Amino acid sequence: MKLRVNCNLEYEVSAETTLILNIEAQRNAGQNVVSEEFSAAGNLATETHVVPETGNRYRRMVLPVGAHRLDYRAEIETAPFIGDPGRIAQMPVAELPFEVVAHLSPSRYCQSDKLGRFAWRTFDGIADGHEKVTAICNWIFENVDYLEGSSDASTSAYDTFTLRAGVCRDFAHLGITFARALGIPARFVSAYALDLQPQDFHAVFEAYLGDRWYLFDATRLCPIDGIVRIGVGRDAADTAFASYFGQLNGPPKLISVERIDGPQPAEWTTGAVSISAD
Amino acid sequence: MKLRVNCNLEYEVSAETTLILNIEAQRNAGQNVVSEEFSAAGNLATETHVVPETGNRYRRMVLPVGAHRLDYRAEIETAPFIGDPGRIAQMPVAELPFEVVAHLSPSRYCQSDKLGRFAWRTFDGIADGHEKVTAICNWIFENVDYLEGSSDASTSAYDTFTLRAGVCRDFAHLGITFARALGIPARFVSAYALDLQPQDFHAVFEAYLGDRWYLFDATRLCPIDGIVRIGVGRDAADTAFASYFGQLNGPPKLISVERIDGPQPAEWTTGAVSISAD
Amino acid sequence: MKLRVNCNLEYEVSAETTLILNIEAQRNAGQNVVSEEFSAAGNLATETHVVPETGNRYRRMVLPVGAHRLDYRAEIETAPFIGDPGRIAQMPVAELPFEVVAHLSPSRYCQSDKLGRFAWRTFDGIADGHEKVTAICNWIFENVDYLEGSSDASTSAYDTFTLRAGVCRDFAHLGITFARALGIPARFVSAYALDLQPQDFHAVFEAYLGDRWYLFDATRLCPIDGIVRIGVGRDAADTAFASYFGQLNGPPKLISVERIDGPQPAEWTTGAVSISAD
Amino acid sequence: MKLRVNCNLEYEVSAETTLILNIEAQRNAGQNVVSEEFSAAGNLATETHVVPETGNRYRRMVLPVGAHRLDYRAEIETAPFIGDPGRIAQMPVAELPFEVVAHLSPSRYCQSDKLGRFAWRTFDGIADGHEKVTAICNWIFENVDYLEGSSDASTSAYDTFTLRAGVCRDFAHLGITFARALGIPARFVSAYALDLQPQDFHAVFEAYLGDRWYLFDATRLCPIDGIVRIGVGRDAADTAFASYFGQLNGPPKLISVERIDGPQPAEWTTGAVSISAD
């Protein structure tokens, strides 16, 4: 699928501020960045870094006092690997790549150590592999209300599990938490997403099954093959689209994602989708 | 300093168990492993992995049902970098190496997003750089009781801050949390430690100051230059000495650490100590 | 049912301690105390108080340094009101006695404000009145493991809901929490209980339905008509069997409850049981 | 002091709603209600109840769908007991009235069981009796930011202690928590308050010292003898000014409190103030 992505950020800076953005699309075998352009009004100098282990792309800059406008636009062609959900098995820990094992540990927003008993009671018997993570997503969709304003930056999976309401980031955190509790490595993915209403950044998760990372989205808000990966990490603490150290304000970010090689809205894929190169 | 380390683990396994150990000393410029030996009774096959970014050494094995005994012994020569505490400054975020920035984020046991207001009120004015982290350690030592049994595997810095009691791991988590809240990258270090009573694994933390990671130990239980690094990570979730997937039991681990090139107990260093190569 | 109750407490006091006991059986229309005796070795002076609103009986004493032995024995005849579960309806808040309304509020261990969304999703449609609270008890029994040692004095319903393990006090807290979240007044009951294994104090809860308080026990550990009420309150914070202010230690309390007018174990009542006079 | 109080509430009800108000001033020896009037537009029937143990006054009504306007106006003359702070001692638990002892227990928003270690470390040595509770208030004032919007209905003292920000209700909860942890009975007071900016309901707390309940206000927002008590209870869970069961919305309540027998702003009393009759 070929997608055009736009992201516009505006800031009013009241004291010199260091800003680190993670809004540029990953480049990997599953996701080709055909063209892209980052621009900052006023010829602001920026410094970039690609994390070798994840492909996350960071851009750091020092914003002087005043108004700033930052734009990212890109054309991305995704070439997802599509698997057969019924044949993708969970790997025993003894056979997982060592790099992947760390994604079994609890993290800031995903206290898999606390929700293990529930996860085992609920999901242990009902399926295996890709189907088990799909069962997790179904459970979340059926038991948690998607409700704007019901959570904030400190809300974790532990809270969402009891409060039963959240937004995309909370849905992803809860999915990650259950997967890890069941011995399935899982990580957070910040993304651009086709057909998301209203248009915004999106959050989904990946679980490591068979020999790769598969995408999952418990919100059912957009087609899973319309996802463009920006950042991957343990949870939202690792994958903020913008981190700043200073003082700034701004209007809401403007995001647009459109398909440029086929119909919108997209038809929804029913297979297992992976756009991770690792 | 030259140290001899022994670690003996015994397990009674009641169902086949995958065990991942992280008990072997890191090898880096600040810490030379002169000799070492890992042995598992019964010629058990083990698989090893060194994480490129951290130097953490993992050993994975599948334990069949029955009794198992695992031993690690090593001679390590530490060559710490000793700095002048008064001259080691905090780096602005704009100048931090990108790899280090991730250690500003909150993690499972270190909710720096929740304790920021306290940290700023308490530590903002009183010092800078190495001295600020020392002030954090002093505050912890003076305000938190070291009390065996007062915490468990789910205790986080948020709990320790209110309950005001904990063990070495809790002291490290709280130090990391305050440092991150103040914009100082910090990470957890699992360690062998000289003169620790009773002998056991130890937990301390590192803060990134100037151009390297410096060791800090808010417990004041052992000399900071008697630390041998085993694992580094976001917090204890990343640095368990043993993770298992299966069913096992065992008597307490036996640890011994002794100095073989000088007097015990050691004289305590008063400078800033770094044994990190990065 | 006629029951003989024994309770023996021993304390080793290391600094003068004020002790407040709440171990004596309530006297009310549903529960007649035929005979009873409280004795404290050494002619210790004690002061008693009956709370008018609840019938809770407190006994306060100052224990000097040394060894102490306190005994309570009683014969109690319960005359429970037995209702027809299918005909006991939930009262609208507009018709509840004002005294009862306070039992809709959240309390220390029963955060009904946080578990409301789950309670409505799960229990709203499935039954009404006494049957709804029975459905709550069934859900708890089926979804929470009864596990000695899995909780402590700070464990609340919020924790039990996520951790999915607890003891009788946790089961009662969770039942109270769900009931309140659904608009049903509920309170904690500390009790002597027939056929409880091992013999100990017990904790159950009461919900206000129709025109009285009905007993519920989500643990299914003993017959509901073998309950002798000691204290009622918002939750365990109100109904400790012993509160002390000083320093004391002691071996485990010894409790025995036996039926003296019929067979043990008792046959289990299937109706709705109330032993509350209010 | 003679005060005129106005309280105006407006509601838009979208489904029949039971409303319970607790907005009418207590009548007791310390606080004489000279005149008062409650009115509900449309001749709505209301039912009232005075709780014997506390003097809290509740008014219950069923609001049909539509717009509603409720008004309460009163003239109150306070006759506070003014003590000498240096001579008001903490009572040993052995001598407290039994009715008061319950106010040593933790409650929904005041987890005194969790903050005990801190309270003892911080306040144990520094003063006694009324002065100790004043020291608690000073600590709160100096260490917690008064910040509108920093807390919500689920925020408890445990949260406020770590987050270090809150509003009047949070300040009261934290004061109650520390007092209870130190063995001083304490309770929540909802109130009308003179000179509060902006005018609104207020929350303060009372501690039982000597032989009565004394008022404390850690916010320093208004003179302590300008307080008119509405409700007392364990914490805010017991003393909501309005509880509803149904669906309603409304603009912000309008409150006014003015002194009608002397200057505004009032001079601040420096003694210990009690307006409780018990």
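As written, the chains take the letters A, B, C and D, and residue 1 is the first residue of each chain.
Here, a contact is a pair of C-beta atoms (placed from the backbone, for glycine too) under 8 Å apart; a residue touches a chain by one contact, two chains touch by 3 or more.
Please read all numbers here as calculations on a predicted model, not as lab measurements.
**Student:** Starting at chain B, how many touch steps does it take at minimum to reach chain C?
**Tutor:** Steps on the shortest route: 2.
**Student:** Taking each chain's centre as the mean of its CA atoms, how far is chain A from chain C in angstrom?
**Tutor:** Inter-chain centre distance comes to 47 Å.
**Student:** What whole-Å value do you get for the distance between chain A and chain D if each is reduced to the mean of its CA atoms?
**Tutor:** A distance of 46 Å separates the two centres.
**Student:** Which whole number of Å gives the spacing of the CA centres of chain C and chain D?
**Tutor:** Here chain C and chain D have centroids separated by 30 Å.
**Student:** Find every residue in chain A that makes contact with two or more other chains and list them.
**Tutor:** 114 - these are the residues of chain A that touch more than one other chain.
**Student:** Strictly by the criterion at the top, what is the full list of touching chain pairs?
**Tutor:** Result of the pairwise touch check is A-B, A-C, B-D, C-D.
**Student:** In their shared complex, at which residues does chain A touch chain C?
**Tutor:** Interface residues on the chain A side: 114-115, 117-118, 121, 143, 145, 158, 161-165.
**Student:** Once bound in the complex, which stretches of chain D touch chain C?
**Tutor:** Where chain D meets chain C, its residues are 18, 20, 49, 51, 53, 58, 60, 62, 92-94, 98-99, 101-102, 104-108, 110-111, 113-114, 153-154, 183, 234, 237-238, 243, 245.
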